[in-house]
Every structure is written in C-alpha cells, then in structure tokens.
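Below is one structure, written out as structure tokens; comments come after it.
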Amino acid sequence: MGTVPLLKDEDLSPEAAEVFAEIRALRGTDYVNNFWRAMAHDPGGLRALWDRLKVVMAPGALDPLVKEMIYVAVSTANGCDYCIHSHTAAAKGKGMTPAQHAELMAVIGMAMQTNGLVQGLGVEVDEVFRA
Amino acid sequence: MGTVPLLKDEDLSPEAAEVFAEIRALRGTDYVNNFWRAMAHDPGGLRALWDRLKVVMAPGALDPLVKEMIYVAVSTANGCDYCIHSHTAAAKGKGMTPAQHAELMAVIGMAMQTNGLVQGLGVEVDEVFRA
Amino acid sequence: MGTVPLLKDEDLSPEAAEVFAEIRALRGTDYVNNFWRAMAHDPGGLRALWDRLKVVMAPGALDPLVKEMIYVAVSTANGCDYCIHSHTAAAKGKGMTPAQHAELMAVIGMAMQTNGLVQGLGVEVDEVFRA
Amino acid sequence: MGTVPLLKDEDLSPEAAEVFAEIRALRGTDYVNNFWRAMAHDPGGLRALWDRLKVVMAPGALDPLVKEMIYVAVSTANGCDYCIHSHTAAAKGKGMTPAQHAELMAVIGMAMQTNGLVQGLGVEVDEVFRA
Amino acid sequence: MGTVPLLKDEDLSPEAAEVFAEIRALRGTDYVNNFWRAMAHDPGGLRALWDRLKVVMAPGALDPLVKEMIYVAVSTANGCDYCIHSHTAAAKGKGMTPAQHAELMAVIGMAMQTNGLVQGLGVEVDEVFRA
Amino acid sequence: MGTVPLLKDEDLSPEAAEVFAEIRALRGTDYVNNFWRAMAHDPGGLRALWDRLKVVMAPGALDPLVKEMIYVAVSTANGCDYCIHSHTAAAKGKGMTPAQHAELMAVIGMAMQTNGLVQGLGVEVDEVFRA
C-alpha cells in the first residue's frame, strides 16, 4: 500500500524513533498514525516537519481548533482524503461540535462555488481589496 | 476584462437591482464589488447565491471571522486570486490582526505541504480516523 | 511576459510556420493567439498538439459548442485564466448565448460546491455508480 | 467510513426526511445515494442544496445531459472520485453513449494538457479574448 | 470499478490490440496496466496517447528518470492517486533510489507550501522573472 | 498590491533583516524578490521557511536543476503564476536549456492529460504499483 512501506517501530532509525517518542509524549497516546510511518523513511524531513508543525499548530493568535478547521479547508480543496480524515478527527478531538462541522462544510462548499464562478467569469480584483 | 462585462447600476435588471440594494443595506456601504457586477448577468443565480451566502456566513456555531479565514484557506488552495483578496479584506474588516493573518498563512502553508507529502507517499487513511 | 517570449511570425522555424499556416486556414483568420506563439519554441510539441486538438475538438458524437463548454469547465476548475478566456471566446464564436453561458457558470459553481462537500465529508462511492 | 456516518432513513430529522422524499419522487427510485445521507446531518444545508440543484440541473438553455458532462469535467479536474462516478452514472442514465463518453474524456484530457502548458509558459490573455 | 470496465485482451478492437502489442514490446513485459485497459474503449484516443507518450517520455534533453519524477510531481499536486503510484513505480524501475525519492517528496512538499504562501499573500511576479 | 504590503529593507524587523542578509549572501546578489518581502511580516515563518528551503534545494541525491524543474511542475499543476515564474527563472539560472524547458513543458502537459483521463475513467491502482 502506498508508494513506500509504512515503517514499524522496530524499523525506525534512531533519529526517527526520537521524533516518534516526541509525538507520543505531546499527544499522550501510543498510537502513531500512518503519515509519520511513511515520513520516517526520511528522518531529516520527519524531524523538520514535526518541529515546524508543533509551532504552527500550537495555540497562538488563533485557537488550535480554528487551525484544524483551516487545515481541513485546505485539504478539502486539494482533495487530500488522508488529511481531511486526520484533521477532521483532530478537530473533533479539540472539541469541534457537529454544528461547527456542518458550518465548516457549508463555508467550504460556498467558497468552492464562488471560486468557480469568479474564475469562470474572469473577475478582476477590485482595487479596494489590495493591501 | 473578464468573460462578461461588469454591469453598472443602470444596466441592472429589476431583480438584480433588488439584490444590490440588499447587499448595500447589509454591508452598510454603497460599494458593490466586481463579483456581483459579473454575476448580475444571471439574476436568478445572483439571488440564489446572495440568499445562501448570507445564511452561510452569518454568525452561528462558528464566528464570522473564522468563516472568512476558512474561505481564504479554500480560495488559496484553489488559487482564486479574486477570492483570496476579497475574503482577506473581509477578514480584516472583521478584525483579523496581522498576527492572525500570519498564522492563517502558516497553517495554509503547512497544510499544503503535508497534502503533497501524504499524496506523494500514497498514505492510506488510518481506521481510527473514520467516523 | 511569461516564461518564454512570444514568437513573431518572422521568428518561426519552418515547421512552426507550417502549423501557423494551418491554424490560419482552419480558423479563417490571420490572427494567431498568444498560446501558439509561446508553444512555437517547441515545433515538435506544437505540431503534435495542433494535430490532436483538431481531432478532439472537431464535430463528432459531441457538438463543438458542447466541447468548448467542457473545456471551459475544466479550465475553470484548474484556475487557468488564459484557457477560460480563450475557450469562452471560442464558445461564443460557436454560438453560446448569454443564457447558456449563465447556465454553464451555474453548473460549474454547483459542481465545485458539491466537490467540496463530498470530499470534506469523505463520502464513499456507491456501488451502483461503478461500471 | 467518511468523516460523518451515513444516516439511515430512520435516523433522519423530519426536514431531512422531507428532502429525501422529494429526491425519491423526482428520480423515480427509492435509492438515495451516499452523498445525501452524509449531507443529512445538516438539514438546512441539505434543503438549500437540493432546492438549488434541482434548478441548476433542470432542462434550460442547456440540455440536462450536457450539464451532467460539464459536471463530470469539473469533478475530474478537481479529482473528486465520488462526483465523477455519480455524475458519469447520471450522464449514462440521461443517454450518454460510449462514443460521447470517449469524446468527453478526450476533451477533458486535452483541456488538462493545455491548462498545464499555458500556465507553465505563463501566457498572457490576448486582448481579443476579453469581454 | 471505475466509470468504464477494464477491457481484457480478448475484448480489444484490432487497433487497440495493436497498441497493446507495442506497449508489451517496448516495456519487455506481458503486463499491461489498468489505465490502458480503460483507455482501450477509445482506440483512436489510445493510439494518439501512446504515440505521443513514447516521444515525450523518451530520452532527450532530459533523462527518463527525471521525466518520471516530474510526472510524479504534477500527479501529486493534482492528487491523482493512480498516476502517483504508476509513475513512482516507473521511476523506481528506472533507478530512483530511496534517497532520491525522499528528496523528490521534500521538493514537492516545499513547492506546495510556498505555492500556498505566495497565493495567500497575493505576491506579484517580479519583473526580473519575466522572459 | 497583494494581501499584505511588500516590506522594504528599512521596514524589516532585525530577525527578518538577518534572513535577508543570508539570502543575499547565498545568492550573491543584492536583489531580494517579492515573495520574501511579503513573508517578512512573519519573521518566525520567514526564518523557518528559509532554513528549510536551503536544505531542501541544496545539491543532494538530486541535482539542483532537477529540483527546480520539479518545483516548476508542482507550481504549474497548482497554477501558481508567481512560483512558475520564479522557479523557471531559477532553473534557467542553473543552466536549463531551451530544449530542457520544452521537454519539461511536454512532460507536464502529458501528466496533466493523463491525470485527467485516469481520474475521469476512475481507474483503480494496479496491485503491482503498491510498495
């Protein structure tokens, strides 16, 4: 399955194993999902990604739940089934209610629709919208 | 410019003029942006879109600012320059700070990156992520 | 402009010039649009594309106007501004009425919307839809 | 499967059940496909979508079969597997022949190809193509 | 499965059978993958595609392995799971090492990320980048 | 222009100024392109991106020119005009010949075409392609 095999814990390089330990510690679960097991073939890339992801998704000016919903929005527009599933699950884990999920879907659908209409009509950006 | 000319107020059908009046009233400004002027060639479509947009973007389980940021996320993944500009402007109008904008960009960039990695690696959805 | 300069008639290789002559003859106009002037840097690619395009867009089981509208639909989903403009112009040249254009836009918008909803909800294909 | 469970008839809210009844009546079949069962978690969104879809896909300036093919084209460019399958099935149900299907695919493939070439070459829109 | 059935050897038209024979000869294997079995419903399209593919993917100014990696890059950005798998397999068959695969993924991920950032920030093309 | 103003050297935070100095040193030019001037609003994001980009695009198992071409391929599929222009310019700066550019375009076009055909036909991944 996939274009690389998923690595089991016993197949990890020491550098990858260290990242897996950090993932487990931060998330408070032993479960490490498939994406990281595919990424582990490239320990340097795994480390860089994990280090950056922790910063980007941490609480900041935006709430972590809002960040997960933004992540779902991008992943949906890109049709990335894996990311849609994993970040929807993450959003639910951070408290997304069914009503919020429904509104997230509705906004995504509306944005997709007007993206198509705007592009098909070739509408030029209003000067007032430029920074 | 565009694939249809932008309609001026004096060129609107009565049904389109009515929608424009509602847009102006709800937004509290006389300015009607180019998208609506392109859509006005199809008064039925304009009416349907405006009526639904009002509902979808209204305060609900999600905050209107969050909705605008989700809108920007989808539009960015789709590369819709017009929508990126108009909804970033709308988000700023609803109070998005530069720090929030920077985090929005960072999450979008991260999501784009992992969308590519996940798809390139052909990672299969973990069973635990399915509803 | 662009990533290659647009070639003028006097800069064309003999093979490219021959394709330009065919384009002019088939279309009954001296005007050759920018795309072909960019493609002309690769005379072999230009020839292959033109030969195939003539076949694909010719009348067949589908009407040429329908083909142009399908072309616009794909180009819109891909956000290819050039292709949207050139094939919308071609569709108008083949008789697309404003009402047909409005319906084309409406279908594109609807498809974009449900594409987003379906992907965001992770809906599995019904067995009855498989050939 | 998916990011929400598919609702069975006995789980529907009254508002959703009413839409399902309309779907069955219009289509003349008891079968309601997975998309609607996922959408039914948001009865308001379900109602809005169904009401608009009926209008957009109805016979008008464009033939319903043409509309289905446009839908397939958008869904293909967006890589929405579900929508490709459901609307190809719908197109077949409305009479799309194998020859028409093959031409639809050929036009989609051609559009995808030139979308890529045009964007990679950065070709600027010809003035003559602007409305 | 799919929107058309996959054709078996015994179902092929003579023209399609001829292309299959060429595929087998060029690749030195009896195995013909699913894509060609789906394309075979349109013998003319099959022939045109195969003839052009042979030229485009042949050794030239770019190495065939580099071409396969470019193919994977496009397919990943488009989320075409089939193409990602088939061209990753082809790249491995042409000698792509695990280290090269990891770097391919890293570049794809980086490009996806900056594509998102650039579009979200609405950055205008520097004059120095234009040909 | 854009959704944020482009920062001039005199507007940079110390952290951003440091990154700009590194960009200038590594590239051996005083010119810093627009993307970095837009990113500079988020000094932390700028630093993280620059540090990772240097690693990813450096010579490794893949040649830097090959990496630039992969970058162009992804950016083209995503329709990111800025990235197409900047990385095509970078590829030329690293020695991409017109013949290589033409083949890059041809492979991108071919991949786009078969991405569309494969997705429209709903072709299932052959078992032999899975790792």
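Note that the chains are named A, B, C, D, E and F in the order they appear, and that numbering of residues resets to 1 at the start of each chain.
Note that in this section a residue touches a chain if its C-beta (ideal position, glycine included) is under 8 Å from a C-beta of that chain, and two chains touch if they have at least 3 such contacts.
Note that the structure is predicted; figures quoted are calculated from it, not measured.
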| item | value |
| --- | --- |
| Third chains touching both chain E and chain D | A, B, C, F |
| Chain B against chain A, contact positions shared by both copies (same if over half, else different) | same |
| Separation of chain E from chain F, taking each centre as the mean of its C-alpha atoms, in whole Å | 21 |
| Centroid distance [mean C-alpha coordinates] between chain F and chain C, Å | 26 |
| Of all residues in chain F, the ones touching two or more other chains | 1-4, 49, 52, 74, 76-81, 84-85, 88-89, 102, 104-106, 108-117, 119-122, 130-131 |
| Residues of chain E defined as touching chain F within the complex | 1-4, 6, 31, 33-35, 38-39, 49, 52-53, 56-57, 60-62, 66-67, 69-71, 73-78, 80-83, 85-89, 97, 99-100, 102-104, 106-115, 117-126, 128-130 |
| For the chain A and chain C complex, residues of the former touching the latter | 72, 76-77, 79, 81, 84-85, 88, 104-105, 108-117, 119-122 |
| Touching residues on chain B, where the partner in the complex is chain D | 1-5, 44, 48, 52, 55, 130-131 |
| Touching residues (chain side chain C, partner chain B) in the complex | 79, 84-85, 88-89, 98, 101-102, 105-106, 109, 116, 122 |
| Residues on chain A engaged by chain E in the complex (per definition of touch) | 3-4, 41-42, 45, 49, 74, 78-80, 130-131 |
